[in-house]
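There are two complexes below, and they share subunit A, which is joined by subunit B in the first and by subunit C in the second.
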Partner chain A sequence: MVTGAVVTAPGLSSYLKSLKSTPVEPSVEHLISLLKRRQIRNSRPCAVATLALLSRVVGEFKGRDAAKLVERIRQIGRRLTSAQPREVVVGNIIRRVLGLVREVVEDNVEAVTEATSDAGQSHPAHHDSLHRPQLISSISTFSPLKHASAEPMDSSSHYSENMSDSGEMSKRPPLLTSHTSYAPTSTAPLVNSLFGLFSHPDTPSASNTPTGVQPPDGKGTLTSLNLERLADSSHSRFDLKGEVMNGIQEIQDELEQTDDSIADNALHHIHSNEIILTHTASSTVQKFLLAAARKRKFTVVHVETHPHDHTATHSILLTGKKRDAEDDEEDSWKPLRSAGIQVVMIPDSHVYAIMSQVNKVILATHTVLANGALVAASGARMIASAAKAHQTPVVVVSGLYKLSPVYPFDIDELIEYGDAGSVVPYEDGDFVDLVDVENPLYDYVPADLVDLYITNLGGHAPSYLYRIVADHYRTEDINL
Partner chain B sequence: MSDAPNGGAVQPPASPLPEASSKTPSQAEGDAKNANAEGAEGAPKLSGAELKKRAKADKAAKRAAAKATEAPLEPKGLAPKEAQQQQKGSKQPPKDDKSRPLPLRRRPSNPTVPPAKEHKVQPKKEKKQTGLFFGHLYSQPRQHSIVGATKDVHPAVLALGLQYSSYVICGSTARMVAMLLAFKAVIESYQTPVGTSLARHLTSHHLSPQIDYLRSCRSLSISMGNAIRWLKDLIIKIDPSTPEAEAKRDLIMEIDNFIRERVTVADQLISEAAIKKIESGDVILTYGSSSIVEQSLLKAHSNDIPFSVIVVDSKPLYEGKRLARNLAKHGIKVRYFLISGAAHAVKDASKVLLGAHAMMSNGRLYSRVGTALVSMLAKSQSLPVLVLCESVKFTERVALDSIVGNEIAPAEELLSETERQALLPFKPKPDGKAEGETEGSADTSKEVLQWIEGAQNLQILQVLYDVTPAEYITMVITEYGSLPPSSVPVVHRLSTNI
Partner chain C sequence: MPPKGKKAQGSEKSKAQDDERDEPLQAVILADPFETRFSPFTLEHPRCLLPLANTPLIEYTFEFLANAGVEDVYVYCGAHRDQVEEYINESKWMSQVASPFSKLELIQSTSHSIGDAMRDLDTRGLLVGDFLLVYGDVVSNLPLESALAQHRARRAKDKNAIMTMVLREAGTRHRTKAQGTSPIFVIDPSKDRCLHFEQMPNKEQSHFLSIDPLTLSDHQEIEIRQDLIDCGIDICTPDVLALWSDNFDFQAPRKGFLHQVLKDWELNGKTIHTHIVTDHYAARVRNLHAYDAVSKDIVSRWAYPLCPDSNLVRGQTYRLQKGNIYKEDGVILARDCVINPKTVIGRSTSVGDGSIISNSIIGRHCQIGRGVKIDGAYIWDHVNIGDGSIVNKSIIASEASLGKRCIIEAGALISHGVSIGERKTILGTQRITRSKRKRDNSDEVVRGEPDTAIVGAGGSGFEFRDSEEEDEDEPVDELVARGGLYNLASLSFSAESISTLNSESEEDFQISHQRSEAGSFVSVGSVDSATSHHAHNFDHDAAASIYDSLVEGHESANIQLELTSLRMSTNASEHQVRRAVVVAFVKRITQLIKAGTSVRDAVAQVFGQHQDLLTRTMFDKNASNKTDQVDFLVLLQGDLVNKDGGDSILLSAATKLVEMDVIEDDAMVQWWEGPKSSEDEGMRKVREKTQQLIDFLNQSSEEEDSEEDEEDEEDDDSE
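This part shows the complex of A and B:
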């Protein structure tokens, strides 16, 4: 993440670098201006930047009041989302972190309730724990994991990852180093919580709930429980922050591993000698196809997505890199064609002509909405419609972080319009004067055109997405 | 001369290319010359099979000659002839082409890329898996020069061929009209050799090389095919006793009539029918550029019907740009989208007017690639899709998909100059070379092109047409009236039987 590369234009990497040395408030302003100027754009960079900022905010947060922390994150979230409402991912990440804080608070209440068998606890933020798979909460008793992984299998893998945390450190140094550097003030408690989760000496109920020491700050401060455990309150403050930081770390890990865990599904969906149509330069799709290419031979038809993404598309096909200059290891991989996959590039206009030959359409997305629809690079709508007309299945690959609880009441609101100069160059002066040139960057694809979503949790029907939304976001956070 | 004197020129049809390429340039040139000499001697009787043979040989020689031109050591024999031919071509522009304002379309790809390059990379490309879907269409590279054209080809036709291959004359109707006008010039300068009659000689021996040359420049449009069939039929039916001058005059008159009846007047009828469909406040969406759509819209505008137009366009020809500009200059409010934004464009439209390359007998529309997408999106928005098409573009051919019959466009046309420039930073630098190489734009774009050409397992596919299913089309407006797509075969029979 923090490489030595010299980046002249402000962007994600320069922001992450500056985040270490800048105080929180200017950092928030900085991110807002970057979002407004579209210098950080597209889902993943936005998600990474927001999460980094939030981990900084939580790290700097002083006080023991969870409600105040929630309010603080909320307020930053409001500012960020209003800076760039169409980058829905920013809001998603804010909501995830908010949910995380609430979860931490709740779980501790639960734990305490269990420990003292006090049934008289009623908690405002306790809406759907009944409907959640109980298995998860029993496996990962330290709550943040619940957010990062709703599936039992996944959570156990996360569990083991955290158990062998030192091993993780060597595997993914950038995150951890940056992580600690974002939150210099909280380093000691964080490390304490990372390594000492299971050997917490002064936990009264360490057997089943290692972090049960924390009281529900701000919500139940005056309950008898808190009075009982007044002595532990000094630790509990650290643990709130520590656990939230821990959870943010989990989300960061999830972001990093999204592509890989989506790619794990590839072999279930791509068979040999298939002809697959895809569009835009998406690292998720490329890695998905690459994973399948290791075992199978198939053909990829790549739509070039003129006029806003064609250069990236061409270069991803030729070199496997989206951008030059940025030498992120994360950002470059072997191009499909050198994995022995025959790639045919076609202009956007050829979609219908070619579709009769295509077995499967794989779309990348910008945002997935709660009703199963998606917002993707323009051209996606016609690809999906053409696929529907030919009864070709449409598969959307998307990280969970792109899944948004927003319901699209106004579709046009979600569509961003780009530089008309890339459609007709401004040298063509009289044309630009005479004619309204429009360049929509995104398309809204209704849910009925999509057959399957593949996220890092596996495959879902579009109609099931609402459930995943409910698993990952709190209803009280949907309106920031 | 029924038998070609040198065996080299007549090749088995199976493998013309490898043998041609195995020849030395000078030898190939000799072949080409021989073939030309034969043509000049003009031996009176050639059977169809022999003609075909000769055409094959010509093609092979042509290709070899093209290779020879880009070989560093140019054979001496070539220079004078080539120069002479080029002179001919430039000296005599098609006189009649200007008589009808033809849509001028800029060829978007870089003209500085020499055509010779294409020939050089062609064999390599063919080794690469060409055309996953359209392999059957990659038969012969498009001719971009008059090098190697047989001597029989009339200068007007030579020039026309170049205009075809560079998209200067583009569009089914425009190409057909231009061809007929060029043929008028051909017929005018035609003289029946002694011992044969015009009816017998003109079609098979004089028109055929012209048509072959045009086909080598760009495959014939369906309207051109229809026109050629009509013309041949006309010539064959000429009474052998008619004096030559009279026959020629009659032919030229007939051609003029044909253009007037089937195109000019038909266009008027169609556009009159079309403007009845345009209501005030309509937002008309059109795709690409069609002369008949443009004519109708302008007529509707001059009839003071308030409406606006959305032009959807696509790479690489950007035909809609010219249409949009022209409409806007006449004061029509125009919005311009590229095909990737078509879903948004369709949302705001109230009617779709499309031009056609051809109407298939199963009611499907064969038109510029992308038309199917636009009509599909329009259909999903329940917009009426009206196709404006002269009956001369109707064909008895049928098609189910866009794969079987189509026209391949050269892949390098896809990437415009600026796109190539944008790609340059991505190109991995060869280890030996330093960063400091800053060449001219021609060099860099060539470099990028070569890079893409050389890229293993990567192929750029570009076709020109697609087939729109009949269910997306609400109505076809022809000079015979407005009909559903299912009536196309009936009208076709009607129009050919007259």
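This part shows the complex of A and C:
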């Protein structure tokens, strides 16, 4: 597939290939420039590339100091997310791996502390079951007012500071530890966490103009108790690297199997003779529908998502393959037609008209946010709103890796605006000169328009997503 | 220049396995297109580092090359090499870690035109396979795979397919297209072959395109297109460089090279192809008008992902807000200032109360006072704008400062470091700078005296006038382009914009300028500027071939043969043959003189060997009216006007010719007395010394020729 006699433009496949022979630091820069140039885009390729890079980083990591490893991954994470903040998946994968390192350390520390029963500081091991009370207690130290004032600042710092290379070390807000006693003093680092969301559901605050004020220096927090303990663990004898690598391998497997495990749920949700509406070229949705098609007959109405995704949509309907160039690692599958399913393709403008006949809407997504909202290909919100008007259930299928702990303070920040040339031909000189064209690539769909999420773990209500976030990400890592 | 350390080794290693079919893609960036279109900004800074949407121009070019998967990059620097070098060394493209290129090299040369640069490149022999030739001002997000694949497929089939031009379709009217001059491509769509190229208005200042009738009969289908943006991206083979070297009068890549190679297709058989793209973005920032258009395209995301919020350069932190407003971190806006759509504001810039900014690009660390109105302006870094000023469509370069209540009208250009006092109005036709060239054609600049009438008390700067503008005969095209950019600044611009030396349409003038240095010896302009197109062709080829033969010492007969066949094929007149001979001979003589031969020896050596050749160019031996011989002498005289020591060469040559009996005494006298030989100052001057010979001839025709030899001897010694 890769490079015939002709030089090919860089992309995911060439990146993965080069990763084997290139040292870590150039690889990081390479990925950053690919992300900036959008040569790697969309959730899955981003996730695959990030994970491959991290496994290389861990593989090359020298020494046994877990704190250093955490800091190294964190630092790479900051650079990657600042390169392309709208590919939230990159941050998700970084956080997953960070959580993995911590977990490995804690498991071993626990073993050590149990053995020695060192009474100085008893560290309750962080099993997920313990999260809830801790978070509640820490949130109680804040007044709601404080949250409101802190929100915009945090949202701006989350994106902006990460984008500047120069200031990234100094401007980082204090780390959040889950120790209740370690109450943050100044800039409310907790606002990104789950409970913050629920005290202020879905209100992107009016004051989301960036203030330009730099958050206070947060360097000192590296010496938090948690990291101290991580550092301590370097004395113990266990194979940090090996275990982390195993964990990364597990995440890699999870990525590969995501579509299949989501598809396992298909029969619970799609019934015979239903009319299903979906959009964009999503392999997850296609596999989901195909799984159902093995046993049942139904009709699919496919929205073509003009202008930026329609070619991919067309080809996925005709051949079952997204693009012939990019996803070589992705096995192609038979199109729905060949499974005997009737597929009707409609333009985006027909969605409302046809919605009254639709039994269920299945949406693919770009990112799922912690409050149950999602960022999906443009047109998704219109579909979801139309479904709401007709009381049609909206089901979102998404791999867990797309689930992000990021809370949408500034929706505009999450939405990428693409090439205006795909809406209006650039040849049209007068148009180009006189008309401003905007081409948002994504839509923000608020949580109340979604009825059900199906992930590789099964179905969840949007209001339950916080729980899954808590299971998968450590609160320490929410701010990279 | 360190090669790319580990990465290079790594990639080489991996390449070694699957190579042989895969040679690295090379690219040449012409960082300096040898023009002065961006004066006065380019006086102090190189053109490729001028900021476009707050990012230096060359970054976009590098981005484009990285996007295309290029591995080796050669940057051809012209003026301000030190600055370019410093910038590139600091940038990520040079760093071992971040650069996607395995090799990045700066080449310095003394070239004064693109033609020279290309010939220089050829002699260096750096380029082994196909390479990309781009300018240092290309902005494009085009993936080149398909263009490259097509180029290689064509090349595998036919070795003569030497070049593929990438062109972007753009409709009949478009802001990003070149204004005024419009390139016309005649294309055979079935083979994507470019058959003819002409720039409108053409050399004769007309808008007529003359196509060879053969073109029409040979091709089933042709397209004549003027709706294409020529973005200056060429995929070339090394043959292209060889062609440049073969014809050393080529200066401009399109008007000169492309036009000529297509014309000579029957002679050299080389074909040039086009790759026309209908999606993606590709443009060149070729002049100020294009600067304006491309900036707008970038801000409006037509060039996505080349947008400010992609933060191409390290340390940039632009973020997009609704309505294409891009702000970097740390922008300080007063509470009641208004930022309208399509605006870019850099870090640490502060905007005061009540200011209104729209459609503008503002750099870093600018101080914008209260109540300022800025519309459609380009303001670079570290600029101060006083309270209450109004800035319309204009460019204010870095570190400039405006006093309170200034008005900058649309079209004004304010260069680096200029400061303008209070309550001044800068007209749209004015270009204010602080520095001027020390001498013509040198990069050194000195600071000029402030002109307080323009910049006000306490200001610094004066109105910029380009030294070239007096002797340039600029076609109208540049004016139109400028007028298009700043539509208020219309007619009065003609005088000012003359400086913009338009290399694409000014080939002839370029040549006469650079004749002495660049070695282009077909200087038609001074003697006979009414030459037809065809003849022009013949001049190039004939003169070049004679010169080559002279250098290599071929025999007269061979040269004669070659010349005759050339003459037949192009249907050239005797006059042209003579001119070609004269040009080539003079070229050879001056070269010998430079090499240290004395004038007399040089003349004797060159003329002496080729008596046959010379006599066969003139056919009026027995006529009483020696028009051919007179013509020859006039040509010789004209060609020597601009040469060093032309007068003594003329004397020796004339003497030698008389001595060889190529020119008869009568002819010499007729020439001397004819009106053409003393038409202007230069002609009179160059023939001054030959007076002795004429005196002698007059004497000898009156008296006996007994002492001829001795006299002759004396004449020559007197030099």
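Brief remarks on what is shown
Methods note: the second predicted complex is superposed on the first by the 344 of 480 C-alpha atoms of A that agree within 3 Å, B and C clash if a C-alpha of one lies under 4 Å from a C-alpha of the other, contacts with A are read in each partner's own complex, and residues count from 1 in each chain.
In the analysis below, a contact is a pair of C-beta atoms (placed from the backbone, for glycine too) under 8 Å apart; a residue touches a chain by one contact, two chains touch by 3 or more.
Everything numeric in this text was worked out from a predicted model, so none of it was measured.
Contacts of A:D436 after superposition on the shared chain: both subunit B and subunit C are touched.
In the superposition on chain A, A:D419 makes contact with subunit C only, while subunit B stays out of contact range. In the superposition on chain A, contact is made by A:H350 with subunit B only, not with subunit C. Once the two complexes are overlaid on the shared chain, A:S338 sits against subunit B while remaining clear of subunit C. Of the two partner chains placed around the shared chain by superposition, subunit C is the only one that A:H30 touches, whereas subunit B remains out of contact. Of the two partner chains placed around the shared chain by superposition, neither subunit B nor subunit C is touched by A:Q391. In the overlay built on the shared chain, the residue A:E427 is in contact with subunit C alone; subunit B does not reach it. In the superposition on chain A, no contact is made by A:N273 with either subunit B or subunit C.
On subunit A, the surface patch touched by subunit B in one complex and by subunit C in the other comprises residues 425, 428, 430, 436-439.
Residues 6-7, 10-11, 13-14, 18, 21-22, 25, 63, 66-70, 92, 96-98, 100, 143-145, 148-149, 152, 168-177, 227, 278-281, 297, 300-302, 304-305, 310-312, 314-324, 327, 329-332, 341-342 of subunit C are the ones touching subunit A in the complex. Residues of subunit B that touch subunit A in their complex: 129, 132-133, 311, 314-316, 321, 324-325, 328-329, 333-345, 368-370, 372-373, 376-377, 380, 401-403, 406, 414-415, 418-419, 422-423, 425-428, 451-452, 455-463, 465-469.
Across the complex, subunit B is touched by residues 275, 299, 304-308, 310-311, 314-315, 317-319, 321, 324-325, 336-338, 340-354, 356-357, 377-379, 381-382, 385-386, 389, 415, 423-425, 428, 430-431, 434-440, 443-444 of subunit A. In the complex of the two chains, the subunit A residues touching subunit C come out as 3-10, 17-18, 21-23, 25-26, 29-30, 32-33, 36-39, 83, 159-161, 163-167, 210, 212, 214, 412-413, 417-422, 425-430, 432-433, 436-439.
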